[in-house]
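As structure tokens, here come the structures.
Here chain A shows up in two complexes: once beside chain B, once beside chain C.
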Partner chain A sequence: MTEPLLSVEGLRTHFFVEAGVVKAVDGVSLEIRRGEVVGLVGESGCGKTVTSLSIAGLIEPPGRIVDGSVRFDGTELVGAPERVLNSVRGPRIAMIFQQPRASLDPVMSVGRQISQALRSGTGMDRPARRRRAVELLNRVGISDPDRRVREYPHQLSGGMAQRVMIAIALAGEPDLLIADEPTTALDVTVQAQILELLRELQAANDMAVILVTHDLGVVAEIADRAAVMYAGRIVEECSVSELYDAPLHPYTVGLMESRPAASHSKSRLRVIPGSVPVPLDLPVGCSFAPRCEARSATNLTVCTEQAPQSVSPRDGHRVRCWLHG
Partner chain B sequence: MVRYTVRRLLQAVPLVFGAAVVTWILIHAAPGDPIVALAGEDGDAGYYAMMRERFGLDRPLHEQLFVYLGRLAQGDLGFSYRQNRSAVSVILDQLPATLLLMVPALAVASVIGISVGTLAAARKNSALDNTARTATLLGHAVPVFWLSQVLLLLFALRFDWFPVQGRSDARAGYEGFRALLDVGHHMVLPIAALVTVYVPPIMRVTRAAVIENLDEMYIRAARARGQSRRRVLIRHALPNAMLPIVTVIGSQIGFMFAGSVLVETVFAWPGLGRLLLSAILARDFAIITAMLLMLSVTIILMNLITDLVYSLLDPRVRHGT
Partner chain C sequence: MGSAPANGPAAAAEPALLEVTDLVKHYRIRSRQLARSGLSLRAVDGVSFRVGAGETLGLVGESGGGKTTVGLSVLRLVQPSGGTVSFEGRDVLAAGRVELKALRQRMQIVFQDPIGALDPRKSVGDSVAEGLRIQGLAPRAEARRRAVEVLDRVGLTPAQARSLPHELSGGQLQRVGIARALVLDPRLVVCDEPVSALDVSIQAQIINLLLDLQDERGLAYLFIAHDLALVQHISDRVAVMYLGRIVESAPAGELFGSPAHPYTRALLSAVPADHPSAARQRMVLRGEIPSASAPMTGCPFAPRCPDAMAKCSDEAPQFKEISPGRWAACFLND
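Entry: the complex of A and B
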């Protein structure tokens, strides 16, 4: 087997705030192969976004990567100098975000922002970059790209802004696209179009994608594999079909059951009792234990005493749970 | 854009007249008699009366006001009894000298304020930031007339690096380039004093606005496409921070005549500030009202120009969203 494109190991990103240390990401390991689409799933505040920003080296104080490694195509990114990171971000690892309009500079034209992404490394002159910007806008399905390229972000709808963000991301022909909740802020019909576009571009460019989302439907739609995060850790990692057919972790089971689509009958939606633990004050042992129904059913004492290790009960399926370890 | 400008200018007309009425009333409510100031105390009563009649000062006050406003509507800003010519020509004579101080001072202050403010924002709470902020506070706190005198005592009298007062060295009789250099030499200290006054607000607003914009999501997105910290600061955070910065600089231009009074007086600079002071001392009503009117017109114009600059800087303002 070839070396993975991205390999994250034991990543810990902590935020040093006045109230204490927020362990937003606390021991995440993840591997992504070329051309693979991985869904990083979890509730708000579970550390998905911090994980993706850590991979791109975009953590700002008071946050800091305190431990772990991010190897991208043979290069260690944790602790790498800014110069190296600046040359990786954009041409090799691109990102799109949840708020596409807020992610575009309001006083810079769309064309110039695409141009910026073309600057590094391509050696194109200004007119060439301009032509390429129009091509890219056309590629992401924006009509009348010759006009749009001169427009400013406030003239775009949310869906168009996300298409522009995708065009910017594609500009460097990256090996890895990190899409952080790319459809969350968009209308439902637009969501589907953007997902469709992402899937098509991913296949055409053989690009690996980390899709950060809280929406299991989105994962089912385009991901090959899923990693479920809870309280700064990945609690389960498996193929999307296993996620749907045979989830192992009680949290994943709860997530799957709380989907509105899961029950077509008019029965009440199931909810996971309790809420995500405050990251300043994580429980000893398994962080899901206080909310875990399986634990209360089986009365395992180890859950509240010791954090479970990641085990692999099935091939290609990893889980952090005492029920399976 | 043209229509907008015209509309704004028309809106300004009643404002200017309002300002004229208020200043006129204020000045006439103040104690002091221009005729006594002109002819000297304990003069001949008949002479006083003759002078009053000649300048229309014997008529009731409200009549004087209407005469004044009537002339103002025709573009006549009044007549200086003291200098025996129109207030406008007196003011226009002094204007270049004031601009000679104000324009470079404001330019230097803008460059210093914006660049230091931007650097301080990029390194929030660093030694540089703290030094800059302390210096700004000092600049704010020190009265400009005191600072001007300290500059004079230190750099003109003690070290003899710069001339003490005035705009040029009359006795030296320099010509051509040497004369220009002489004026430049005289400009250094007053400009330094003015820069100290102008920098603090520009720097503080720049710092605050850049810090605010550095937290925006488009900054992170720009970093995510490989832009360096420096480029993100200069190409994204600073341009987005320009609106409040332009506002501060615009308001400083508006008040520049007012601010020049103290500095020009200390350095005996023959500009509008000194003219205003001597006009007040001499009860030269025409000059005072004309200058205050010009001050309000400048402020109104600067507000308009600031708004027009907004639309150049920010496409959202340009497109009216």
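Entry: the complex of A and C
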């Protein structure tokens, strides 16, 4: 088997705040192959964004990667000098966010922002960068790119701003795109446009994508594999079809079943009781145990005593749950 | 659901709980550059619908469609520019101060962000009790007791009733928002994106609560949301808004099963798949919803419509009944 493009091992990213240590990411391992789209799924506070920021080397104090390794195409990124990080982050690992307008510089034209992304490493001169900026805008489906290249972020709609962010991300022809809730702030018809664009670019450039999202529908649309996070850990990892047809972890099962289904109009939805634990005060044992109905049905005592290890009951399917090993 | 009243100007004889006719809300544009143009923002541009007792009408559409303005207009939290709103047979827009206060006891609203509606320095129990005191329905001690009761009904403990808003989670705060509406024993609750700020597992809890309360109390909901799966789940009837107008309205099953307006079709086909195998031929709309201040003749959807004909940009289609209980504004149904 070829080496994965990205290999995350035992990643722990903690935040040292006055109230204590927030273990936002607490032992995440994940592999991404070239050209693969992985959905990193979970509810707010589960650590999915901190995981992606850790991979991109964007954790700032009071946060710190306290343990683990992030290897990208053979290079270790945790603890790597700024020079190494800069050669990877941007050109080879690019990132887009939920609020495209907040991520763009409001006082710099769209063209200059793309041009700046092109400056590092490409060796293009200014006119060439300008031409490439127009090309990239055209590539992400912005009409009239010659005019748009001179515009400023406030002149763009939300959907257009996200297209510009994608153009900037594509400037270095990255091997890995991390997209953090890229369509959450957009209307549903615009979301469909952006997902279509991401899918098309991903296939054309054989780019790997980590899609961070709370929306299982978006995962179904675009991802090959899914990793479900809960309280700082990946509790289940499998193909998207198995996520939908044969989820194993009780949390995943609950999430899948709590979505409103068209066929059962006005019936009560299945709920996961309680709420996500506060990361400052995680329960001993499995973090999901206090909310787990499967546990209360089977009366397993180990769940509240010891954290389960990740096991693989099926090929390509990993789960952290005592019910499965 | 079979006896649900039709939605539209010339609907059934049975008086509806809420009847909105030709509602219009224009905002004057204050920008200096545009003030002289005489342009105004047509947030709501001639909207009519009915909600029967115990019924849920879902109001869907993308941002800028005017859904929220409709909800606020129903309670006269904004003053409409035209049209009528009739609640239990009474004219809401003509009501005087005292009558309006009485009307607002019978119709309530739940917002997306409940914390904005709560006093940060008051316990949530006191905030819930406040409605009763303002309405003069109960003295302080009695109001407090009833607030604790209602909070208990929505799943909060007496200890949580004593908490300040910032001590509660998003889901718990939305329960407080619902309790605040409920304590006055309303007949109609306008729910404006009540779960869109909540996590999936918490959304389901709140939706179940709303369904249970409807069963127990025969509440009617005007349920405003952009999440189509959710609206389909909770609604008896659904109305789709685009640029200030309702373009289609029908019983939920029919609207989602066989949409009659191209915008509804586009909206439905844009919803992410509910299964990875459902890789569908998607109808991806071009462009985005235009500004409601752009001058417009003809059908508001024509510039983005894949089925637009020549006359669509000249003439606005009438919103009319195309089959019993189904209304749409599109020439394709002629």
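Just so it is clear, the second predicted complex is superposed on the first by the 320 of 325 C-alpha atoms of A that agree within 3 Å, B and C clash if a C-alpha of one lies under 4 Å from a C-alpha of the other, contacts with A are read in each partner's own complex, and residues count from 1 in each chain.
Rule of thumb we're sticking to: a contact is a pair of C-beta atoms (placed from the backbone, for glycine too) under 8 Å apart; a residue touches a chain by one contact, two chains touch by 3 or more.
A quick note: this is a predicted structure, and the numbers were derived from the prediction, not measured.
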Contacts of A:I272 with chain B and chain C, given as first, second, both or neither: second
First (chain B), second (chain C), both or neither touched by A:T2: neither
Touched partner set for A:N299, first chain B, second chain C, both or neither: neither
First (chain B), second (chain C), both or neither touched by A:V218: second
Touched chain A residues, chain B compared with chain C: C
Touching partner for A:Q309 - first (chain B), second (chain C), both, neither: neither
Contact footprint of chain A on chain B as seen in their complex: 216-218, 220-229, 235-236, 239-240, 313-316, 319, 321
Interfacial residue positions of chain A with respect to chain B in the complex: 53, 56, 58, 82, 86-91, 94-95, 97, 99, 102-109, 113, 116-117, 120, 152, 154-155, 165, 168-169, 171-172
Residues of chain A that touch chain C when the two form their complex: 43-44, 157-160, 187-193, 195-196, 214-218, 220-221, 240-241, 244, 254-255, 258-262, 264-272, 275-276
Interface residues, chain C side, partner chain A - complex: 62-63, 169, 171, 199-205, 207-208, 211-212, 226, 228-230, 232-234, 236, 252-253, 256, 266-267, 269-278, 282, 284-285, 288-289
